[in-house]
Amino acid sequence: MTRILIVNSNTTDSVTARIGAAARAVAPPGVEVEAVSAPYGLPLIVTRADWLVAGPATLAALSARRGGYDAAVIACFGDPGLDAAKELLEVPVLGISEAAFHAAAMLGRRFAVVSFTAALRPMFEDCLDHHGLRARCCGFRMGPPFSGDPGRVAEERRDLLITLCREAVEQDGAEVVILAGGPLAGLAPVLQPHLPVPLVDGTQAAVRLAVALAGLAPTGSSRARTLSGYDADLTRLYAGRA
Amino acid sequence: MTRILIVNSNTTDSVTARIGAAARAVAPPGVEVEAVSAPYGLPLIVTRADWLVAGPATLAALSARRGGYDAAVIACFGDPGLDAAKELLEVPVLGISEAAFHAAAMLGRRFAVVSFTAALRPMFEDCLDHHGLRARCCGFRMGPPFSGDPGRVAEERRDLLITLCREAVEQDGAEVVILAGGPLAGLAPVLQPHLPVPLVDGTQAAVRLAVALAGLAPTGSSRARTLSGYDADLTRLYAGRA
Amino acid sequence: MTRILIVNSNTTDSVTARIGAAARAVAPPGVEVEAVSAPYGLPLIVTRADWLVAGPATLAALSARRGGYDAAVIACFGDPGLDAAKELLEVPVLGISEAAFHAAAMLGRRFAVVSFTAALRPMFEDCLDHHGLRARCCGFRMGPPFSGDPGRVAEERRDLLITLCREAVEQDGAEVVILAGGPLAGLAPVLQPHLPVPLVDGTQAAVRLAVALAGLAPTGSSRARTLSGYDADLTRLYAGRA
Amino acid sequence: MTRILIVNSNTTDSVTARIGAAARAVAPPGVEVEAVSAPYGLPLIVTRADWLVAGPATLAALSARRGGYDAAVIACFGDPGLDAAKELLEVPVLGISEAAFHAAAMLGRRFAVVSFTAALRPMFEDCLDHHGLRARCCGFRMGPPFSGDPGRVAEERRDLLITLCREAVEQDGAEVVILAGGPLAGLAPVLQPHLPVPLVDGTQAAVRLAVALAGLAPTGSSRARTLSGYDADLTRLYAGRA
Amino acid sequence: MTRILIVNSNTTDSVTARIGAAARAVAPPGVEVEAVSAPYGLPLIVTRADWLVAGPATLAALSARRGGYDAAVIACFGDPGLDAAKELLEVPVLGISEAAFHAAAMLGRRFAVVSFTAALRPMFEDCLDHHGLRARCCGFRMGPPFSGDPGRVAEERRDLLITLCREAVEQDGAEVVILAGGPLAGLAPVLQPHLPVPLVDGTQAAVRLAVALAGLAPTGSSRARTLSGYDADLTRLYAGRA
Amino acid sequence: MTRILIVNSNTTDSVTARIGAAARAVAPPGVEVEAVSAPYGLPLIVTRADWLVAGPATLAALSARRGGYDAAVIACFGDPGLDAAKELLEVPVLGISEAAFHAAAMLGRRFAVVSFTAALRPMFEDCLDHHGLRARCCGFRMGPPFSGDPGRVAEERRDLLITLCREAVEQDGAEVVILAGGPLAGLAPVLQPHLPVPLVDGTQAAVRLAVALAGLAPTGSSRARTLSGYDADLTRLYAGRA
């Protein structure tokens, strides 16, 4: 049996529940998925500062269940704590933006990123650059500013999103489309029948790829170090005890 | 059950057998692997011209078994026919160099490429550029020219390869190492115990990732077209009949 | 006397005739131009798969007349078979997209690519990347989808094309404009009087540059190899016999 | 009077004292420099994980003295917390690697990075990429692994460093050399007489540039947000109270 | 006391006077600013040819006052003569486009370039590429063609410029905006109250950074050489005499 | 008849004579070559400052014979005045480094740059970047510092150069080699028999390509402008009179 831990880097349990459901929908037989929230930090991750403070909280969640999973997913676009987690843990850890980009790149040569509001574009661009895949992205198609309830945007802007995906295909030559942004998690399978190219959902791509890579990372051997000022879980992760 | 077809783009059946064995070693329960040789072309793929003529032969092999697999792998460094296969088939198709680069990039931020002879470096660089991941590669470590039996190079240059991998880690900061080049297929698990970072084998990475992506590509709808001058399988693939 | 062979990578002889006429219009005195169609393959090259299968057919045409030309041109945007031809032949071989990009780059610092439909843009971008000249391109200006007769688009969209060229100059700062896409072959000299910057036609640029480079490639010395499953001309090219 | 706050992102006060001395040595008249240690975290920042956990601690130090400085410097190669600090504070904040790269780029077209051990190179490369200045760097010259006392490496490897700087000038065409790495802080003025090109010290460059930019950032207006699980200073910074 | 020489690379004294005023407005106490026009050349710098011929004239102005300043600024977008001045002089020399890009990059991660007419965009792009900071620029927002009096464009297009800056912030994610182009010199402080991100003026940024870097360049030691065909000042600069 | 003007950007007539001889050796029948020295400036172009002051002198030479040639070549590695000449003249103008890079890129996918001393490498790199072809260059192979007579280096370092070319082919995968640097002009045909890949000489490549592009640039229409402080020829070029 393969065990996948998914950490939602914010503290909002309702989002964690939705992420867990999307993840379980694609988990193959014999794969067990657990989804947890960050133990502290912020209810919503928006800025670069948010990303920073969400990192240690994400590591704390990974540390708390250490030894209980074969691969982990950080389920927050922007992948807070990802590079640190790859260093500190002895199992593969994937971020959902990382997974979306790699999966899209393997499904077609040109992928587009579609989301409901242009406000997210800078963060997506930073992500793409960090993962080194900017050259594979053929464009962004984003909706206008949105000030409503994020929990309802996937429904309210459903038609707009289909239109944006179609434009990406017809005008930008997209062969794959990533539906990006937390509030769109789980929407890809719903919109897929309306579009002629694969739609990629970050959480689901991350679960698939985490299962694929489970077992590939060798046991690390970082030496114990003393971290001060952080919670017990993160401090223990630094101390090198599982 | 998930069925994976592996096409060795050259016509040498002994190589195909070895590739099939390496693939089966990592196939999870419930995954069935079939490995076939290119039906025509060349016994060994070395140059860009070789790569070109191996492409249609690879497509012919994919066409011959169309409908009988859920994802496919093109097992030849350089990935001949890959972009065409992604267009023409209704299931995911991965190349082993593509898979090695993406898997390595997900296992660590900086990956090195190690092989037994510098003669392969230009091809690896072309590949990296084609897949857009050059920025993630922290260096190449290659042995001197080799004129012996490729089937024995993995054994003869085993110590050299361990040394090159160590240099990649210590001097280039590699966090992952790709053991590249056909004659090294299957060597990664053997050398892994000697090294502190994950070693990636292209064929095995491709099998893992093909299983992960199976089911993600929607049924294509390319219209039937008439191709002349090629074998019956490739012509049928163009004609749009499974 | 310098002899230039032009291979149209598709099988449509009427297109080959038009290409030959455009080529002869710029051939200097003492230069003889022969234009031939691909001996097999497809009547029209559109997709990446088309590009792949057009490659061996293009090589076959080059092999059939081997020894009878001093330089060759592959007259199909996307340059199918180009890298292989450069390896296998003892004379310079140029592609028309390659020639268009290099000629434009030598005529001005910023060149734009103009064509009649956005559907071609991905292919032009791939080409630019392959030849490494993306940084010299200041933009694309393409018309809307076109579903009419390609043979008549140059005439039907003549005014649109002039407008697009002007926008490229005025808004993108283009100092040179490439008129790209097979159906626009030979249009550049017709539109030139309406525009203040040089217009580049790929076929004509390729003929000029092929004449310039004739004589520069040393005799190759690739060893004979046995290719199976292909036509006699291509097989003979691999066998190393002129 | 201009007040500059320097935050050493680690918790080692002796390092903080040395940084403060190097900073004061270049502070112009009328500029007051205060140097503080991170209030928690790690005694030494080495890995990406270290960088992450040092970020919130650095922000806490910046928050604790908020309103008491006109510009700030984060004195830790790798610039932990820098992007977050730029978002959250109403004054300019510079990192010492950021400052070293920009100062070097303004002093000459090609700069080299010299340090005492190759182990730091990956971090320097990440930094360069993050700040977008990789193309201005003409090479790295690093010493062999070092396992002695970092506090003595500047003295012990003094001759080696001069040799590395000279090689950078003569073989790589460096017009400026950055002496990088915490243990080399303050060494640039000492070695300068031995070299024909400017040597850049990150801390001193950062102080100069922080003074230059003081006053340029407009008062921000980020709304108050509730952060949980962190110390009082960082929580207050998020709450929007100076 | 620190002395800054500003050279306006064109011969129009009224522009020089305006540049001098903008510079003095940001010079800290103890800094003395002198602004001079190019002694010959052109009244306005527009094209690449203009940029070239303005270079020696700029060097002549720098030579005429050699020894009388601690750092210099070339006040002409495009920075004519900058690389040569850095080689020939023993004090730091900054260009105003160089300074604008570096200052913007230190004030935020994504900067936009805003100007009154699209005609300037190619020059700004060339500049960005030359300084290696293209990746930090998140977009250009330029007004339509302008054929009026450049001296009045800042006033006439004031509202348009505010709109363009706002679009850069809201749609491109700009965190800093450079107001570029000679006729907009000094406008940044006027528009700043209307915008939520820092506005950067090239001349003022250059003065700030020149003060910061004064003293960093070591005395050069280029050997005397004989230049013919140029004015006495430039010839003397080549001859190595201050 | 096609007339090609070659301008040696320095004032040394013996170099001009050698350049003219190399050019005539490849001029096809019906092409007339004239080679002239810069009318003023420097006897040797080494630094960026040299490059700048050589630019107006090169333009002056082009202006003096305006109307008397169908295409021009600037024969100085680094291409001083090239961008300005392309703007101001109504015929194609090519630089020898520009021509070497483009010709090499058309003769093979990977070209190396070989020269007798590492001191020239920074300039070659700047050139490559300016022309946008860095990605096509697979490496530099340069000799040690040289302090002898440049006029004899081609002879004295002949064996070293052959060795460097071979290393470029065998270790870097070069498919074409550019022999770069003024003192090596004309050496390529001499060394060619010793090497298995094409050797490119900048001057000869430029002549070939200038002949190919003659006739492609439309008559410009820049308006007359008044330039002060320069010689009569350059001033007349600005005034718009042929």
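Worth a mention:
To keep things simple, chains are lettered A, B, C, D, E and F as they appear, and every chain counts its residues starting from 1.
Convention: contacts are C-beta pairs under 8 Å (C-beta built on N, C-alpha and C of every residue); 3 or more make two chains touch, one makes a residue touch a chain.
Here the structure is a predicted model, which is why all the values come from computation and not from measurement.
Listed here as common contacts of subunit C and subunit F: B, E.
Hopping across touching chains, the smallest step count from subunit D to subunit E is 1. In a homomeric contact, the two copies may use the same or different surfaces; for subunit B and subunit D, under half of the interface residue numbers are shared, pointing to different surfaces. Averaged C-alpha coordinates give centres for subunit A and subunit D that are 31 Å from one another. Between subunit A and subunit E, the centres computed from C-alpha atoms are 43 Å apart. Subunit B and subunit E have Cα centroids separated by 52 Å.
The set of subunit B residues touching two or more other chains comprises 48, 83, 109, 135.
Contacting chain pairs (ordered by label): A-B, A-C, A-D, A-E, B-C, B-D, B-F, C-E, C-F, D-E, D-F, E-F. Partner subunit B is touched in their complex by these residues of subunit F: 109-110, 135, 138, 170-171, 173. Partner subunit D is touched in their complex by these residues of subunit F: 48, 118-119, 121-122, 125-126, 129, 145.
Listed in rising order, the residues of subunit D touching subunit A in the complex are 11, 39-43, 47-49, 51-53, 55-57, 59, 81, 83-85, 87-88, 222, 225-231, 234, 238. Across the complex, subunit D meets subunit E through its residues 29-30, 83, 86, 92, 94, 98-99, 102-103, 105-109, 131-136, 175, 192, 195-198, 200, 208-209, 211-213, 216-218, 221.
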